[in-house]
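First chain written, first letter: the chains are A, B and C, and each begins at residue 1.
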Amino acid sequence: MTDVLQGAASAAPRLAGSDRVYAFADQVAAEPTPSDAAVAAAVWETWVTCRLGSETFAFPVDAIQEILRVATITRVPDAPHPVRGIINLRGRVVPVVDLRVRLGLEAEAPGPRSRILVASARGRVIGLLVDAVEQVVRLDRNRFEAPPADVMTEQSAYITAVHQRDGVLLILLDPEQVLIISTHNQDLTQDKDKAPCVR
Amino acid sequence: MDGFEALRGEYALDARERLDRVEQSLLAVETLVGEPRDVELTRLKAELHTVKGNSAMMGFTDLQQLAHQMEDAVLATGTDGLDVASLLVSVDRFRRRVVELVADPASSPVAASEIAAVPAETAEAAPTTQTGVRVSFAALDGLIDLVAEMVIERNRLETAIAGAGPDVHLAFEGLERTLELLQERVTALRMTPLHTVFGSLRRIVHDEAHKDGKDARLVTTGGETPLDKALLELANEALGHLVRNAVIHGLEPAAARRAAGKPETGTVRVAAAVRGDEVLIEVAEDGRGIDPEQLRRAAAAKGFPLAPEADPYEVLFESGFSTRGSADLSAGRGVGLAAVREAVLRQGGRIEVRSEIGRGTTFQLWLPLSVSIARSLLLRADDELYALPMALVVDSRRLRPEDAHDVNHAGVIRWRDGMLPLLDLGCHFGTRPRRRRDGYVVVVEAAGKRRGLVADRIQGLQEVVVKGLDPICGRPVGVAGTTVLGDGRPILILDPRSLVDAAVFDREEM
Amino acid sequence: MPKKVLVVDDSILLHRMYELALKSYARAEIAPVLASDGREAFVRLQEHPDVVLILLDVNMPAMSGLEFLERLRAEPAFRDVRVVLQSTEDQIQDVRRGLAAGAVGYLTKPFTPRQLHQLLDVVLV
């Protein structure tokens, strides 16, 4: 399994003079060929997988514009909790959402494999901070399953489906839903990073 | 000298304006009868007559002939129809030819019939300017800079004359008033009234209605609402798109409207107004409205099924959801509401939509009142950098522990003849629990109130390009926007207006 | 001392054209004074009582050239200022009336700077 789960980050060549890391669609790892006739009816879709802690998530490749290494993220005070801050993307100021926090996981400091997925949805461009980007895969839509009932809560509208692949459960996310951050998601109004100010 | 060659530019400006008026008159004449119609026809004739004369003066015989033909067509109108459609085509041809003549000084007159007819969209879509001098943005920004410099000098002068006699202070006040006026006027130079955009919208409604076999009219209000010239092109594109959509998708054909008990002529209403530091432009039509269920179905069909609580109207801004035939309309320049919204967001604006089935749809376009480059102080406070626009900065000085006092749990310092309340930037933005005792104070003034903003130090003074802050970040108090420094770091731009009011204690309650 | 010539025309473009043509006149230095309509023209005349020639567009919408001319003639201070009408070829009736009301000449559009100069040779005092 490890040969399939190669980090796209390490495999992709670096562009000279920039710290952008691209995930290439031509590095798509193909589905292991099923032996039955179902292959003829397969509906192939291309997804980008990424890791948060021990879970693997995926986004449709069309929604991901590019993948960045984590550079300076300027904090925005009083921003909803999942919003880490802002970054500069070629002159454009783009907000960064910590996907861990957004999905209800514990926040953690970015590690060496952390990346920012620049997602384009709802006409806007927003960065998603993840622990690692894995690779670009082709999945057969026919094999998507509804998420198990215990995973879904009212806030989990961002989960489109799940997909079992080589023993790994891929949780397929809807970028547009991920980017809806409303005040009734978790405790978003309190900026936990901020030290309370006393006279 | 032989002729008026040197005045091609002026001729072009004049011609453009007159042609715009001719176009508006033609569109108006179509809907009028009786005396108002005659008045409009007279106006039309007079403009064409003048255009003819001016073209003759310049030696542009082809344009002179074209204007003459148009004038004849209008003169020959009896009580029945004026061939507005073909006159509009002539207007476009005229415009195109004017552009050619200005671009290529060597071009000589051709036969009037040879002036190419091209679709209006690809004709030089320069925003209509009023008669007068043309100034580049760079030159304007230069002026605005100079005025900002004067503000700094004024501040220095104010400190320097502190001990001087009353007549010196009087003179200073006079200078201050003049400077304020100058600031206002120079900033106002960047503004242009929205009605310059409205003119082209009328044409769009007319053309689209014709193409679609519908009956539509455009009603506009708030034409005097100012818009920063830098946003003119964006506003033109966005509004053009929205208005086109309104006619094509929003309005029903006459028969359907009749059946629904609506007037046969559909109305597209464009209303503009200033709201705070933004301009709101609404494009509303009384058409069929948008069925959210239909949007959900469309989204599902494209493979993006919506969650029950998701806003279905957002589907409209989905990249795959482009308007019918938009390729030929925008000449490949950027199609679909998604692109429009992205362009608007990038400039610090936003687009929203509301709709009611059977009643109609309203799009709201919000744009910043001014797009600016602000000369700003860079302040460092606890490892964060902030940009503070100089415009509202009145003074700055070192802060020593002995300077500050605590009055009612707030820090204050003695400043000029009174006490100045302090606001520690670190405290306000949550990077430190207690106000610092050592550092720098920058005094800002807004709406008659003053506040001393406390930081570690003043890192420098520089030009910053004011950019927006994506709404997903919320609207933090005291933040006006964002900018990117020379080293690539994005930082926040402070908003003195909300900082003079900011409570000092809001962090104490936890 | 430059000679002041008042141009009364509602078109800014024509103002530019007149300025160009008047300033290029070789036989005398001319200082153009500009007005957009009859009312403004009177204001200019108060500001510059030493205007020696008025170039008057017959074709103006607000106060017609003829109205202006009649009012001008009623003012003793300006009775001796020479007025030249500027018209288009189909306004011959207006030109006749203007000449009858005291204008000393007329110039039809389109005219070239040279034609204006030739007129100035004759009418400029």
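Operating definition for what follows: a contact is a pair of C-beta atoms (placed from the backbone, for glycine too) under 8 Å apart; a residue touches a chain by one contact, two chains touch by 3 or more.
Values in this document were obtained by computation on a predicted structure and should not be read as measured data.
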| item | value |
| --- | --- |
| Identifier of the chain whose CA centre is least distant from the whole-structure CA centre | B |
| Distance-maximising chain from subunit B - centres being C-alpha averages | C |
| Inter-chain centre distance, subunit B versus subunit C - centres from mean C-alpha coordinates, in Å | 42 |
| Intercentroid distance (Cα basis), subunit B paired with subunit A, Å | 36 |
| Centroid distance [mean C-alpha coordinates] between subunit C and subunit A, Å | 76 |
| Of all residues in subunit B, the ones touching two or more other chains | none |
| Subunit C, residues touching no fewer than two other chains | none |
| Of all residues in subunit C, those that touch subunit B in their complex | 11-14, 16-17, 20-21, 24, 59, 61, 88, 109-114 |
| Residues on subunit B engaged by subunit A in the complex (per definition of touch) | 304-305, 307-311, 314, 317-319, 337-339, 341-342, 345-346, 384, 406, 409-410, 424, 426-435, 467-470, 472-474, 476-477, 479, 482-484, 488-492, 505, 507-508, 510 |
| Contact footprint of subunit C on subunit B as seen in their complex | 1-4, 6-7, 10-11, 13-14, 46, 49-50, 53-54, 56-57, 59, 131 |
| Touching residues on subunit A, where the partner in the complex is subunit B | 71-72, 74-80, 83, 86-88, 91-95, 97, 122-126, 157-158, 160, 174, 176-177, 179-181, 191, 193-199 |
